[in-house]
Amino acid sequence: MDSLSFVILLPLLSALLILLVPGNYRVIVRAIAVLGSGLTAWIAASLFFRFQPGHEGFQFESILPWISVGKLSLAYHVGADGLNIGLILVTGLVGFASVLVSWNIDRNPKLFYILLLLMIGGALGAFASLDLLFFYFFNELALVPTFILIGVWGRGENKTVAAFKISLYLTLGALIALAGLLLLHVSTGAQTFDVIALKTLLAGKPLSVTLQNWIFPLLLFGFGTLVGLFPFHSWAAEGYAAAPTAAAMMHSGILKKAGLYALLRVALPFLPDGAAHWLPVLAWLCLGNLLHCGWVALCQKDLNLLIGNSSLAHMGFAFLGIASLSVIGITGTVIVMVAHALLAPLCFALSGYLESQSGTVDLTRLGGLLRRMPVFGTLMVMGFMAGCGLPGFANFAGEATVLFGSWKSLPWIVVAASWSGLILGAVYMLRALRSILYGEERKELTAVIDLGWWRRLPFALLIAALLLFGLAPSLLSRRIEPVAKEIVKAATNRSTPSRVAAVVVTP
Amino acid sequence: MEHAAVLHAVESGSKIQDLAWMILVAPLVMAVGTTLFVPRDRTLAAVFNIGGVILSFCLSFVLFCVFGGGSAQCTPFEWLPIAGLDVHIGLHIDPLASLMLLVVTGVASLVMIYSIGYMHDDRSYPRFFASLSLFVFSMLGIVLADNFVMLFIFWELVGISSYLLIGFWYDRPAAADASKKAFLTNRIGDFGFMLGILMVWSALGTVDFAVAKAKLAENPALLGSMAGIAGLLIFMGAMGKSAQFPLHVWLPDAMEGPTPVSALIHAATMVAAGIYMLCRVFFLYTAAPGWPGPLSMLGDLSAATLISLVGAVTALLAALIAVQQNDIKRILAFSTLSQLGLMVMAVGLGAKAANPSAAMFHLVTHAFFKAMLFLGAGSVIHACHHEQDIWKMGGLKAKMPITFWTFLIGTAALAGLPPFSGFYSKDEIFALALETNPILFGVGVLVSVLTTFYMSRLVLVAFFGAARSESADHAHESPGSMKWPLVVLAIPSLMVAWLPLGPFLSESFDPAHPVHLGDIFFGPFNHNPIAAFFGFGAALFGFSLAYSLYWKAAKDPLPTQLGLLSKVMRNRFYFDEIYETIFISLHNLFSHIADWIDRWVISGLMVRGVSGLVNLSGRALRLVQTGNIQSYTFFFTVGVLLVVLLARK
Amino acid sequence: MNYSLIIVEITAVLIGLGVLMTDLWISPAARKGLGYAAAVAVGCLLAFATGSLAPQHGLGFRDSFVVDDLARFFKAFFLFGAIVVILMTVEFSSRIASGLSEFFALVIFALVGMLFAASANDLVLLFVSLELITVTFYILTSFQRNRLASLEAGVKYLILGAVASAFMVFGIALIFGSANSTNFRVIAAHQTELATSPVFLLGLLLVLAGLGFKIAAFPFQAWAPDVYQGSPAPATAFLAVGSKAAGFVLLIRLLTQAVPQITAEWSRLLVVMSAATIIYGSLCAIPQRNLKRLMGYSSIANAGYLLLGIVAMSRSGSTAILFYLGGYFFTVLAAFTAMSALAEHIETDEIAGLAGLGRRSPFLAATLTLSLVSLAGIPPMVGFFGKVLLLRSVFESAPGRPDLYLLLGIAVIGVVISLYYYFGVIRSIYWGGSTPNLAPIRTSLGTKVALGTCIAGMVFLGIAPNGYLRIAETAIGGIDSAAGRLKSPALKKVSAHEAH
Amino acid sequence: MNVGLQHYLIVSGLLFSIGLLGVVIRRNLIVIFMSLELMLNAANLSLVAFSRYNSNLDGQVMVFFTITVAAAEVAVGLALIVALYRKRQTAHVEDLTTLKF
Amino acid sequence: MPQFTDILFFGLAGLVLLFGLLTVANPFSRNPVTSAMFLVLTIVSLAGLYVLLHAFFLAAIQVLVYAGAVMVLFLFVIMLLDLKEEEHRRLKSGILAVGSLAVVAFVGILLTTLLKAKPTASAVAGRLVEGDTVKLGTLLFENWLLPFEILSVLLLVAMVGVILLTKKDLK
């Protein structure tokens, strides 16, 4: 078995293994989960470093025919290129970290870890798949676990509403995207979902402009919803606030990226005319993410809502990079995706630990925690600083690259993005730090205990990765740039010279 | 690679390179090592970090001596290599940088030694040193950066170090707020800086200083109509870091940090980074001015001129405010602001002469004497049991002689009395102003008068007369680790200007310019007597004014004499309040509107509306299922009708 | 007369009779054993029917009975369903006051009806086999005659069923009158001229109404929720699986084989029916508190999705129907088996009664969850791929038929809505309300096996659908070739016969 | 005017509708069953008429089947009414609305 | 005598419809027994129509099975259960109106379709085939054997069902 498939199967097999363990053997359940996810992370990391940046096409590729009936032919087809290798790596890491931070799950840990591992496996599968139906399949695998995780282990009064909201939103988005994928698949005539096959096919015979103008928005808004594109974002912060730490980590960090990934993998290269028509719309919408969500984050009293909204604001950068349709911008988008995939889980893990100690994430009820929790505080400062784009952490590299990439085509939106990233981000992140760590110690918060040695591991892991990619973003950019070039090449290869298709034509 | 083309070939290139990298990295290694491995051990932390910075200093000295006035670019390592945006981390060494290295590491070493005593009782001793090391690393990064992005990176790192150090005493709400304010205000500047970098990059196609400079030298109009905007945006960065009007509000608050921090960061080095950066990217300001359509009325007015105006305003404003402050550190802080304003003014004025060395010169002298002043103030505060109000001091001259004498030297330097260093550097600025813009020269002289006035006021009130409080009464001289840095700093404060710094610096801009070593000491009076005499006279006038008002005064007579103006000055012209209402409230308003939209329009109206509608229609529709067989048959019949109707064409 | 063609059906009748007879000699306690025996017997029959000894292809009984791949597919389907339903009944037996053996026998007789329906190539055979199914279900529905709900459901089903039958008979009469034959092949041969006959069209529509009733499609869906709610769980399961599938196989044969040209003209009708069915089922399910009633509405919605395959009017559409039915089969059976197993422990059918199930019986909770997930169309369960295939088939047919895009939109909305109510049930299972009773629920081995099979089926078809999809494709390919054989000598024989 | 197929069909259609009317408006289950019989008989009439005018006796054979089915349905239906009556002492559709919405 | 059969047809058809109407909507009585009686009359009149259509055997069966067996079953159940008339419950005029409207609409569609059509399209129309027992029997057992046999199962099912549903509770 090739290692890419192995990395997908490992979490799923661990889940299966846990299924066979009786529920009251908690230690064994935990051990399997930790080992399974740890091994996954290890293999994912080794894949990342084994990946050879210069080479064309996909690496670690493997195909297994799945369905061939009539004209329909689908295959389990996985492979890695610059676009997904980073995501696979961070999925492994975040998965491992999310298992590690779940040390305080007492209620039905068996089910918890099964669901969590399913999420991890699903995310890995989604990123590795080169068959779009499989991508969809794996991506949706996380839906039910998310729902149950929020419902059973979630926090807050609102968790049921949040669980429903997140599930319905994500399903609606996914289905709209599926409609787009199906339309694409049917329209090509070859009736395949294989990325490579579609690419060759569409390069030779692009779809009609009308069709593209229909398919692109389906993909854009469908996948956009999965990412939290304004104004389809209201599930995110609420959902994360209600989710248990591990689920919030996996979802905000990893699963959210699937939508962006699909936009880059499918929508841009396959539908150049659609992109030409719709990317200006995306550019304006990402303003919503950047400014609206930033502002919303500004006045949140609940730390999780703050992080959730800030994560939406960060997604604005990713969308901006896509909207710029430049090599630099798209490279930046992918770096942002990887960076945010580490950052958001880090923040949620911090918030989760905070809640486990102080019993609240209400900013007005916290304060002065740095004295008793110096290690936690240091990590939190680092994480939040990464969140407001401090150089040295990967986010800065990604965001700056996006800004550079988008400046020429979308200067005013870059101005907004800089404002959002440099000012708004700093304001709410610092506000949070100020209310949580700084100030005089509170009497009711004297029982808090700092992170012990082992508890530090997940945080250290995420911070280390953030620092690694922040100090040497070339690790990512070298891998991404060739793909970004291909995407831009394909996406600018349109049949109409400019944005003539201003009017949506009925099919 | 592009920048390879402009890399100066240096014989001892590889050694220089190693040296430069070591200078940069040593403090970082110490900071990280302290945090990770000896977070508890006080002695080790102090030894490591001071050792690291001293090592950097020594290496800088070696570099300075060996390399002298040469310039080189070290082989970079790739940071973000994307076609069209080739960002690398590389070091750029030239006289400007090597001098700045010396200043930064030198002052830092002394401040850190001073901190041994000053911070002795603090529980977070290791954290303090680690943070200082981190700062030194970041600052050195700015100094050595060879491209805009790298500069920006370290720029931000300096910001975060400053944030950490201002908020060092995190459980003091004032400190916590001040650190936040400092960071945010800086961020506003950085916002402009970033946009400026983007503009320059898109116009020049590179972020590398050397390449950009070469390109601009080839074609000064390359920036086109964006030249003015880009210059101003880049300057915004300096406005934030160097606390220029209107982003100056953070600096006084930053005094909530420990005094050594104020000395090193908020007086000597970090705040000077803005000036340094402007000098580094000076080639932008010498390029042809240009404005985009809507701003075309600005015409030939260059960005540099606007910058000099901003500097002048800052200098004057801060000096005025300083006159009516009573907190010893705040007086110094506003004085710093004022001096920074002068430097910025000098940079702006220097653009016409294509030479910013005046600003750099003042930067260097100011670094030493201002650091010393702050350390002296720290010593006073330390002695008076953390009393900072000068009106609660008095008579310290006898109790703390070393502090007094060093402080006096610093004051003299700051006031611009010959032969103290400040005189020479200020004089260059005055001379420059006189040559290029007489109005600003007037402003400069006025600032000089005010400077001498408030500094004399400080010295007269704090050190002379009788002790006005218990703590001042019981004050005694500080320990050796605090004393000796003062003494050591006094030497450059006095003499640094005797070295041929100005010409040395201008070499990096105009290598053909000859160096007149002999000219230095009485140079100003020969070179431009009007400026020199005005400078000297201003100092004297300021001092006599202060002497007349404050010699043995028990309380400040000015408020009664100036009335409302004094109040306004004391309250810093109400800038904080204005910002509070405009900037912060506006953002809060937006934030609440956005939240409202999220809550009520998107979540409420749209989402809940749709879900409610669906729910309601479900509830309504199911009422069709009455359970009554007859209605079901009825529906069946209607259904058949419906089917038949629908099947019709 | 080639009697070997109906050997499977004959055997099924014999098994039914055997069950009835054996009951006379055994003690009441042994009746569960009889159930297992019946299941085994049907199992053997299934093995035979899918094996090579069974009639492979053929047309008999004056062309009214056809054995082709489609028929064989559905026969296997029905046989399998009957086995699970019988096993389910064994678990449910405590709830059936008397006549357990008769219940088994009736299930088998309903099965016989379905087996014939699968092969029906003639309106008369269609009618008669449907009646056999329906009348049997009247009895099965009202089997718990000590429960008013069961009787009420029976009465409702009976009256509405009879109305539907009456419409259907009337329709058949009209078709017979205008086509002078009831045979699908004859009708297919003359469909061009029949398409202009209003009487024929009216008759066809009335038959469509009758079939629409069977599959619970809008606007003939009214009975479904009440009957699903009132019936004993195994009967509901068989109704959902068997009766619906029988309706669909007949719809496929009639609409896509006998009168494809006319069906193509009726695109609008089918689109509206499908859309309305989806929306109606989904919307009404939202406020439901009773699980079985919810399943009733869900079955309506699912009928709507299945109709997508008819709307597509293509081979891939029909294949998708077959595939979807297969998935639906496992899913619904799993859900109802779990519900049957719960019946003993949870007094009520209310969804709220499921509270705490996640802790009382993780296995049953998981089964129910998985089947709901599959119904909602989420991977890796089979429901996902089934829906994808259906949607895909509509997309394929959509160019040139813009209303299909609208239909697709509605289908998507329906799926989202369905997620809402299915997840509501999952919510009750895992974190619903107060849970006073937390006594663990034990399940018998038989149930575990049945549930295990269903889960395996759901998951297996979800992640490895290729084999099954090929079978479905072959089955649909069979009718196409049958349509291609229209000008066979058999047809001439029919015409000759008319002269007689 | 010659009585032909059309006439029979119209009678059959009317009778069918009368039966349908009965099912829709009558509330006694037994009467509803009777109305159902009318509907089936109406269908029978058209079958016989078609049989006659198309000279195809198959229609008449179908009538047998219909009668049988009707008999079976009635038998089951009446048995249900008996069971229901035992349980609930009613044969009235309005009393059968516990399953609804 | 075509004229005579026509008159006969109209008479019988009128009776069928009249009795049918009286079965379901007797303005004077809503007693099930009355309905049953009129149903018998409808069925007998229908048998007359069958005779007119030369379906003699069917006519006989109609009378025997329907008027004889089925109606007896009806009456038996009515008597057994001692069903009261529904007259003490008032008819809801709304239901009546809407229901009738739907039915009338259906009638409209039915009649327009039947009137518009020329349902005598068959080429062999007019050739008289007698519905005698032999021919029907042959057809039934030769051509329609399969449905016939299925119906036997159906009857068995009905039998089993009826017994199950009506037997007193026995465990």
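Per-chain residue numbering starts at 1, and chain names A, B, C, D and E are given in the order in which the chains are listed.
The rule we apply is simple: a contact is a pair of C-beta atoms (placed from the backbone, for glycine too) under 8 Å apart; a residue touches a chain by one contact, two chains touch by 3 or more.
For clarity, every value in this text was computed on a predicted model and none was experimentally measured.
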Problem set entry | Joint neighbours of chain E and chain A, given as chain labels | B, C
Problem set entry | Highest-count interface - the chain pair sharing the most C-beta contacts | D-E
Problem set entry | Furthest chain, CA centroid comparison against chain E | B
Problem set entry | Per-chain Cα centre nearest the global Cα centre, belonging to chain | A
Seminar exercise, completed: Between chain C and chain D, the Cα-mean centres are separated in Å by 26
Seminar exercise, completed: So, in whole Å, the Cα centroid of chain B is separated from that of chain D by 96
For this session: Calculate how many whole Å lie between the centre of chain B and the centre of chain C, each centre taken as the average of the chain's C-alpha atoms.
Result: 77
Seminar exercise, completed: dist(centroid_CA(chain A), centroid_CA(chain B)) in Å evaluates to 37
Seminar exercise, completed: Residues of chain D that touch two or more other chains sit at 5, 9, 16, 19-20, 23-25, 27, 32-33, 44, 49-50, 53-54, 56, 58, 65, 69, 72-73, 76, 80-81, 83, 94, 96, 98-101
Seminar exercise, completed: Touching two or more other chains in chain C are residues 124, 127-128, 131, 135, 138-139, 142, 145-146, 155-156, 159, 163, 167, 177, 180, 202, 225-226, 287, 420, 498
For this session: Would you give the residues of chain E that are in contact with at least 2 other chains, written as numbers and ranges?
Result: 95, 99, 102-103, 106, 109-110, 114, 119, 122, 124, 143-144, 147, 151, 154, 157-158, 161, 165
For this session: Any two chains that touch count here, so list every such pair.
Result: A-B, A-C, B-C, B-D, B-E, C-D, C-E, D-E
For this session: In the complex, go through chain B and note every residue touching chain E.
Result: 630-631, 634, 637-638, 640-641, 644
Problem set entry | Residue numbers on chain C that touch chain E, as the complex places them | 1, 6, 13, 16, 20, 28, 61-62, 64-65, 97-99, 102, 105-106, 109, 112-113, 116, 124-125, 127-129, 131-132, 135-136, 138-139, 142-143, 145-146, 177-178, 180, 197-199, 202, 497-499
Exercise. Inside the complex, what are the residues of chain B that reach chain A?
Worked result: 35, 39, 78-85, 149, 152-154, 156-157, 160, 164, 167, 170-171, 173, 176-177, 179-180, 183-184, 187-188, 190-191, 194-195, 198-199, 201-202, 587-588, 590-595, 597-598, 602-603, 606-607, 611
Exercise. Along chain E, where are the residues that touch chain C in the complex?
Worked result: 109-110, 113-114, 116-117, 119, 121-122, 124, 143-147, 150-151, 153-154, 156-158, 160-161, 164-165, 167, 169-171
Seminar exercise, completed: chain D contacts chain E in the complex at 1-11, 13-22, 24-28, 30-31, 33-35, 37-38, 41, 44-45, 48-58, 60-61, 63-65, 67-76, 78-83, 85, 91-92, 94
